[in-house]
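Each of the two complexes below includes chain A, the first together with chain B, the second together with chain C.
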Partner chain A sequence: MNYDFTNRAKMITYVLMGIGLIAMITGFVGDSHRVWPNLLASNFFFLGIGLFGLIFLSKQYLTQAGYGVIYKRVPEAISQYVLVGGPIMLLILLAGNHHIYHWMAEGIMDPQSEHFDPILAAKEVYLNQPFFYIRAFIYVGGWMWAAYALRKLSLQQDLNGGIIFHNKSITVAAAFVVFFAVTVSTSSWDWIMSIDAHWFSTLFGWYNLAGLWVSGAAVTVLLVVYLKSQGYLKDVNENHLGDLGKWMFAISLIWAYLWFSQFMLIWYANIPEEVTYFQMRIEHYRYLYFGMVIVNFCAPFFFLASRDAKRNPMFIVAVAVLILLGHFTDAFIMVMGGTVGTHWSIGFVEIGTFLGFLGIFLFVVQRSLAKASLNIENHPFLEESIHLHH
Partner chain B sequence: MSNVVSEIREPLILGDRTIHDITEDIARSVEGKANKWWWIVFAIAVSTATWGVCCILYTVGAGIGSWGVNKTVGWAWDITNFVWWIGIGHAGTLISAVLMLFRQRWRMAINRSAEAMTIFAVMMAGLFPILHMGRPWLAYFNLPFPNQLGSLWVNFNSPLIWDVFAISTYLTVSIVFWYLGLIPDFAMIRDRARVRGNAMYDKVYSLLSFGWSGRARDWSRFEEVSLVLAGLATPLVFSVHSIVSMDFAAAIVPGWHTTIFPPYFVLGALFSGFAMVITLTVTMRKVMSLENYITIRHVESMNYIIMLTGSLVGTAYITELFMAWYSGVEYEQYAFLNRATGPYWWAYMIMMTCNVVTPQLFWFKAIRTSFTASFIIAFFVNIGMWFERFVIIVTSLHRDYLPSSWTMFHPTFIDIGLFVGTIGIFFTLFLLFARVFPVIAQAETKSILKIVGSQYVEINARAPVKENMEEKEVEEKAEESSEDNAGEESAENDKEDE
Partner chain C sequence: MLVRNQQKTTKKMSKVIHALYDDDVKLLDCVKELRSNEIHIKDVYSPYPVHGLDVAMGIPRTRLAICAFIYAMTGLAAAATMMWYMMIVDWPMNIGGKPSFSFIQNLPAFIPILFEASVFCAAHGIVLTFFLRSWILPGVSNKNPDPRTTDDLHLVELVDLDDNELSEAMKILKKSGAKEINEK
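Presenting the complex of A and B:
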């Protein structure tokens, strides 16, 4: 059974995209410095969710996990955002340039210039525009290939059957995981950490990995519950929701652990060049920043700890919405702190941009869901997944 | 847990064992007599342990001046050994707690020995900081107890005191978890002893099994408590080694202060821990004839974890190296330059080769499904992980901020004795464990027999794979033959051992 992407649903996504477009135009007319960071933060967030789709699929193939087969069209559909969000990311980076990245500004690396910054000049081998864009193209290209290949093999398996497509998927998944293990760190260094070009943290990449993982898990929960409520995915029961709830719970705690590791070690050592990152955010984004940490940790910790809560659609949906907002806020503060800095605000431009990307994301995901049957066939672990009970 | 099993899953219990066969196979090691090999290994372990105990006693008597540590390198082999042993313990907790929450069936055959390994390893680890105190009889000063000793109170700001709490909690939970799982198995030995009329065994194992009756109510309680303990132990997998890493990362010593340390130490710990589990289980499999229970699938699963954690640890090495340069902090840059090219370059090379390069060999199926190869690589990983801690500790300390104090570290006879001695004590304890306790969690293994036992997998397989069956069969045959090869290889390995 295919998902029916109704005209009404389409209209909603168009309206959202329209709001985004208006917000962008309003931004450019007004204060254009706000627009680029907003575009980056929103697309980084949704691209991360798209990448989660790939992580989830690869993880299932590589660990021979049987539980998630019946709803695997959902992470597949999510992963298709990489095909759209990836190129958008490249556009934002190319056009945003020195509006986002201070180190790209004129004369920063030039000893003769009055803007010369010796610390940044020492990083020129890595932080220079050609290499930066080459890297971005490689990351996005690799991810797009994986998104395309995994989806294609999965559909072929449904049509043709046989273990061969499953084994090919395992190969693609292994290649993606190796590629992603490196690029998830380097891409977040390049795109986010280099905004605060003086600052550095070895944990930054893994911290972002946990963030995108948990955001993606939350989106998966929302989509699975939504599809189930619309009469699709009939075999999904509370055991499957419980598994998804567990992922959201577990990765939220890992995210909190990584947040704490990064924050505590820097706060504790109190070395000026490191601590400035948090000091700025605590001074100027205080309530938003700590509010984000509290929501992202406490909501899953207190509401999802019990077994019954994880199997209750109402509970997991509520927590999923909360932590999605929380993790978007995290991305927002990461980007804004180093770009607009103290002049940040949350107004039409910010909310509108987010809604615009939400519109694109929902459009891509629903279109992908509508393209192939939601009933999986021929998967070697299908029966295990249908008969799942803990 | 569902009984439906995909047909591409392979059996985890071989040899068409029945429930009674499992009882017999596992009780044999406790009820029977030890064979020649056990006595030989035990004799080696005990003599090494004796050397260790002598060195411990000498250290306590003479003080830590008998070690190679000096004013610049204040931590060296002692803390290296401490972190190494703590790390080894981690795999046991992961297998017993995290893999339980993930419902991984392959944990059943190895969890008991992995948990025993955890407990003994943590004990060995705890020895080193206590000895390093110089006056170990005052070790209780580490506890924040109300006292009349003036202003004597622990410094809660110090990661070293967090360690005291983290490790004692860890040891406690690990022992409770381990013992809980042993209760039904002790009851099995008790019941058998009663039937055989062995009064001594009956009495001892009655006491140990806490009056376990095997009724549904007992099992229900047992499962509930297991789940709660798994939930409690899971955060401990992360917290213990994170806090150990903070012993370094909270300092401002170049090469130590870096934010990736907590997760990277945890991954490194799992990496070395699984290597030790492979060392122990592959040996045990042969010495105690457990071929039907510890299969190549178990080893392969562990190899996957070693490959994953090893690669992530490698990524962390590169990240550290890159950030040291990227940070622009010249002290950091020098610390890493000195690690790689300074007088301890050879230690750095051993670490890189053993930890980053050797696990990559597991990409080849022939290697990761060979007992011999896994055993050898696991050995390299353990060497590599010891050197990793040595590199972190000694190379960062021996050339710090003050060049006039730069010096080298040279271990003394006592240093070596302490390290080798703890390995001896560890193996002595483990060998005794293997004779007294059922080394495989028989109750849990029986629970998966009808799902993944070799005679049941085909019945349970109802997966609708329609086409390409021929190809699949060919593959299966190929795998079977590779398994046979693996069996031969390990037989050869035993010959080599002889």
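Presenting the complex of A and C:
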């Protein structure tokens, strides 16, 4: 049974995209410095969710796991956002340039210039524009290839059966996992950490990986519950939901662990060049910043710890929404702290841009859900997945 | 099938029936069948955890998780009190110029210990609770009715059945493909 992408649902995504476009235009007419970071934060957030789709599929293939097979179209559909969000990311990086990245500014690496910054000049080997864009193209290219290949092989598997396409998927998944393990770190260094180019944190990549993983799990939960409520995915029951709930719970704790590890070492050492990052965020984003940490840690920890809570659709949806808001706020503060800094605000531009990207994301996901049957066929672990029981 | 120690029918008895299985699927079917005929199962012994057996036997879910939470909170509170007394009240120390007279401002430094203490108390607490609750203690003799259940056989134990139940149970056990049925 294919998902029915109704005209009403299409309309909603168009309206959201329209709001995003208007927000972007008003932003550029007003203060263009506010728009670029917003575009980056929103697209980074949704691209991360798209990448979660790829991680989830690869992980399933590589570990020969059966539990997620019957709702595997959902992570597949999510992963298709990489095909759209990837190129958008490249556009934002190419056009945003020094509006986002201080180290790209004119003369900053030039000893003759009055803008010369010796610390940034010392990082020129890695932080220079040609290499930066080459890297960005490699990351996005690799991810897009994986998103395309995994989806195509999965559909062929359904069509033809057998084990050939499944084995090919495993090969793609293995290649992607190795590639992604490196690029998730380097891409978050490049795109997010280099905004605060003087500052660095060695676990920044894992921190972002945990963030995108938990956001993606939350989106998967929302989509699975939504599809089930619409009468699709009939075989999905509370056992499957419980598994997704466990992902949200576990990765939220990893995220909190990494956040705290990053925070505590810097807080303890109290070295001026390191604390600037947190000083900006704690002094000027105080309630948003700590609110985000509390929501992202406490909501899953206290609400999802019990087994029954993880198997209750209403409960898990509420926590998933909280987590998504929390992790978007995290991405927002990561980008805003280094770009607009003290001049941040949450207004039409910020909310509108987010809604715009939400519109694109929902459009891509629903279109891809509508393209192929939600009922999986011929997957070697299908039976195991249907009879999943804890 | 081997039926040992078969006695002549008696009216009221407190007999113990042990049915042994070499297949966990047969065991599960038998347990479900017995339960649907409202025959009380004293216990089932098996060499490894049989998936779905606790549900089939109607055993309520463990409350060990609630204990774990309580122990973790106890550990958290104990560690917090300890550090508050040592580091703030009794002997404040200047470590890296941190404000040494405030618990809340030093909290990031205390969190790893709070975490470890919670885990320590939760882990040891649930293990000891489990031992106590299942009475697995040094010097306690084992309750295993047949040593073969530690090797390759599953055992269903039925006790205190009246005549009707007994005949019903024997029928089910024989039908279910038990390897051996012992009455004592």
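We adopt the following convention: the second predicted complex is superposed on the first by the 390 of 390 C-alpha atoms of A that agree within 3 Å, B and C clash if a C-alpha of one lies under 4 Å from a C-alpha of the other, contacts with A are read in each partner's own complex, and residues count from 1 in each chain.
By definition in this document, a contact is a pair of C-beta atoms (placed from the backbone, for glycine too) under 8 Å apart; a residue touches a chain by one contact, two chains touch by 3 or more.
Everything numeric in this text was worked out from a predicted model, so none of it was measured.
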After the chain A overlay, clash or fit between chain B and chain C? clash
By the touch definition at the top of the document, which applies to A:L203: first (chain B), second (chain C), both, or neither? first
Given the touch rule stated above, what does A:L258 touch, chain B (first), chain C (second), both, or neither? first
Using the touch definition from the top, say if A:S113 reaches chain B (first), chain C (second), both or neither. neither
Using the superposition on chain A described above, determine whether A:P380 touches chain B (first), chain C (second), both, or neither. first
With the two complexes superposed on chain A, say which partner A:H389 touches: chain B (first), chain C (second), both, or neither. both
Tell me the contact category for A:T342 with respect to chain B and chain C: first, second, both or neither. neither
Tell me the contact category for A:K123 with respect to chain B and chain C: first, second, both or neither. first
Identify the partner contact of A:Y268: answer first if only chain B is touched, second if only chain C is, both if each is, neither if none is. both
Is the number of chain A residues in contact higher for chain B or for chain C? B
For A:S306, is the partner it touches chain B (first), chain C (second), both, or none of the two (neither)? second
Given the superposition on chain A, at which of 6-14, 96-104 or 132-140 does chain C overlap chain B? 132-140
Shared chain A contacts, counted only where both chain B and chain C touch the same residue: 268-269, 389
Using the touch rule from the top, collect the residues of chain A that touch chain C in their complex. 260, 263-264, 267-270, 305-307, 389
Across the complex, what residues on chain A touch chain B? 64, 66, 119, 122-123, 126, 160-164, 166, 178, 181-182, 185, 200-206, 246, 253-254, 257-258, 261-262, 265-266, 268-269, 271, 273, 377-378, 380-384, 386-390
In the complex, go through chain C and note every residue touching chain A. 51-52, 61, 65, 69, 96-97, 108-109, 111-112
Touching residues of chain B toward chain A in the complex: what are they? 1-9, 101, 103, 235, 238, 242, 246, 249-252, 257-263, 311-312, 315-316, 319-320, 323, 326-329, 462-468, 471-472, 475
